[in-house]
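Worksheet: the structure to be examined is printed underneath.
Letters are used for the chains, namely A, B and C, taken in the order the chains are written, and counting of residues starts over at 1 for each.
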């Protein structure tokens, strides 16, 4: 999902994960209206949200951050297995598992935040601006990981400013402008759309 | 070294252990729920009366009275949260503090009604122990060891359990907690119960050292708040260390001047700390 | 924060002066001694509460106002007992001493941005220090047993401020009127608006040129002076001082309770609070006698909790709202600007 600042991308993610309650409208997921589910029960339904700015717990170690991610009753028995899986996805985290999350580099923090979200065993992963504040080379790594996670069968809904790169790892894309879907289509089609290219890809 | 000074230092450490438990409990509740329980020392007072009543009036063995005191005060902490604090969440902090101040009066008044203002004492004393040149009260030493065990148990709970880890996490960022599948309201309840249990444990350790009366909370309540702030509100380790620092100040102050002046010095030190290091002695 | 002004505006200086004059006639009714005693106690409690609320309503919540009662009272009594200085001079000196301590406490607090919980705890510590010092200096103060100002010979009684209930009623009335006048003058000055702005957002207030430290110190000085005056007059009236009722956490919280129960956003709120607390005290005493001395704090406490839960603006808050409900204010931000009982200061973030 792409779009200018203030289009409502982050808001949409926050509505999906229950951090904000919509005044009107419903949100259906697997036949259930999510707006009636208490927010802390959403992870158990398979929805995980990596919030903007990652929001790690800086004073906890990497492994403790993962542990909080596995807090839900249903996730706890899988803690060890999922942690090891996260460590194979992100070997850097394994090296730093006893380090305080606040001391990690930006890229490592993003990995840790994604890892924490994976600990609940989600079916859909909401990523909010995973590339924000990261060096270009690290951004590429993060998107590489997104591609990898998708290959494992997870649905990823990603909000990005970095349109050019994100269109390379996703199937479908939506352009959100002032709260409405202004355009949608396959990533390839949108990447070829002249209007999109002008507005978001800096191509004239 | 002067054996009396040595004794004062040793007593300071022992006193620090006694301060440490209520400080940890108060800090836990503040860190998680973000509300100061102004009546914390009064929860301890109720615990002291519980032990005293069960032991001297109902004739229960002391160990059993202790074992009942802990969960009883934990329940009191739960009730405090459910009846007073939860409805005030999101209100200005001063309103919350004043409401718990009201509970302080309620508990003092109830204790006065039930037990009168007479001084009560458990009348349990362990023989003093000789350590080199100095004598140490066996009761104080036992209480100190129990306080350390209590603190260690709390540490293990916070470090190794899911709930404990979530408690440490929520102190920093409560908004994202639902994303982790954590219901903050449940964590608040648990923290309040654990905070109450710590008050209950502190009561068990104080009841063997202090005479009790309904206003006994006022004798250690204020210094407990000050220690929490000195250590950095919500900072468990800072509070733990500050408890020992205050214990040393009070007890060596008592060595150089007298007990009362030592509290004056301790409180002045506190005011100075707030002015110079408002986030606590150990803030980075 | 502006609603408080409705009532004082409604009153007006003339009405206020008339009320004070009418109250001044109370001793002429030759009420039974006991009633006079209750009324004087109410009025003196109201002075302390008014002083507390004067700053409390701007988020400067003090848990140590008991200290200032004590400094005022003990300065006066010690000057009289040790040096024979009459309370007529001793009380102003006691007030000055309390203000000096207030500056020592307030200046660094405000300068270093100690606010919210932290300010409350600094004042709490100060209140405890004063209480413990009174106890520790038992050689001159009598410690926790308390002290009694020396009886003056009958011909010097007036000069020693030792007279009957009527005299103290008038003194208390003067102090009370002075407190309300201070409130009114403050609310008419820019200081009140400055303080409201500071309570809302200290940084923003400072950035538009409000001298935060100075404004806070000003209101604290008035508040401290009223508390010290109330403490000294109470002590002189009772001819007895003790640390537990004049310093430390307990009297400090009682002042706070009275002000909150009555309503700290209205000038007459703390007075209503004093009527309630002292009335409650006395009726509990009458109903239960002394064998149920715990009943009073129990009822206090329950009421304080109830007020915080259901009526955070106090009784006076009810009085304010009624006219507002009948005549809706045109401004769209009326509710949003001042949520009930809002004292929106978060804990200090440090200097």
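Here is the rule we use: contacts are C-beta pairs under 8 Å (C-beta built on N, C-alpha and C of every residue); 3 or more make two chains touch, one makes a residue touch a chain.
Computed from a predicted model, the values in this text were never measured in an experiment.
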Most centrally placed chain, judged by C-alpha centres: B
Farthest chain (mean CA position) relative to subunit B: A
Rounded Å distance between subunit B and subunit C, as computed from the means of their C-alpha atoms: 31
Euclidean distance of C-alpha centroids - subunit A vs subunit B, Å: 42
Between subunit C and subunit A, distance of the C-alpha-averaged centres to the nearest whole Å: 55
Interface residues, subunit C side, partner subunit B - complex: 59, 61, 105, 108-109, 112-114, 116-118, 120-122, 124-126, 128-129, 132-133, 135-136, 248-250, 253, 256-257, 260, 292-309, 312, 341-348, 350-351
Subunit A contact footprint on subunit B (complex, rising order): 162, 165-166, 168-169, 172-173, 175-184
Subunit B - residues contacting subunit C, complex: 36, 84, 87-88, 91-99, 101-114, 117, 214-215, 218, 221-222, 225-226, 229, 233, 258, 260-261, 263-264, 267-268, 270-271, 274-275, 278-279, 283
Residue ranges of subunit A touching subunit B (in the complex, touch as defined): 17-19, 38-44, 48-49, 51, 55, 57-60, 64-65, 67-72, 75-76, 116-117, 120
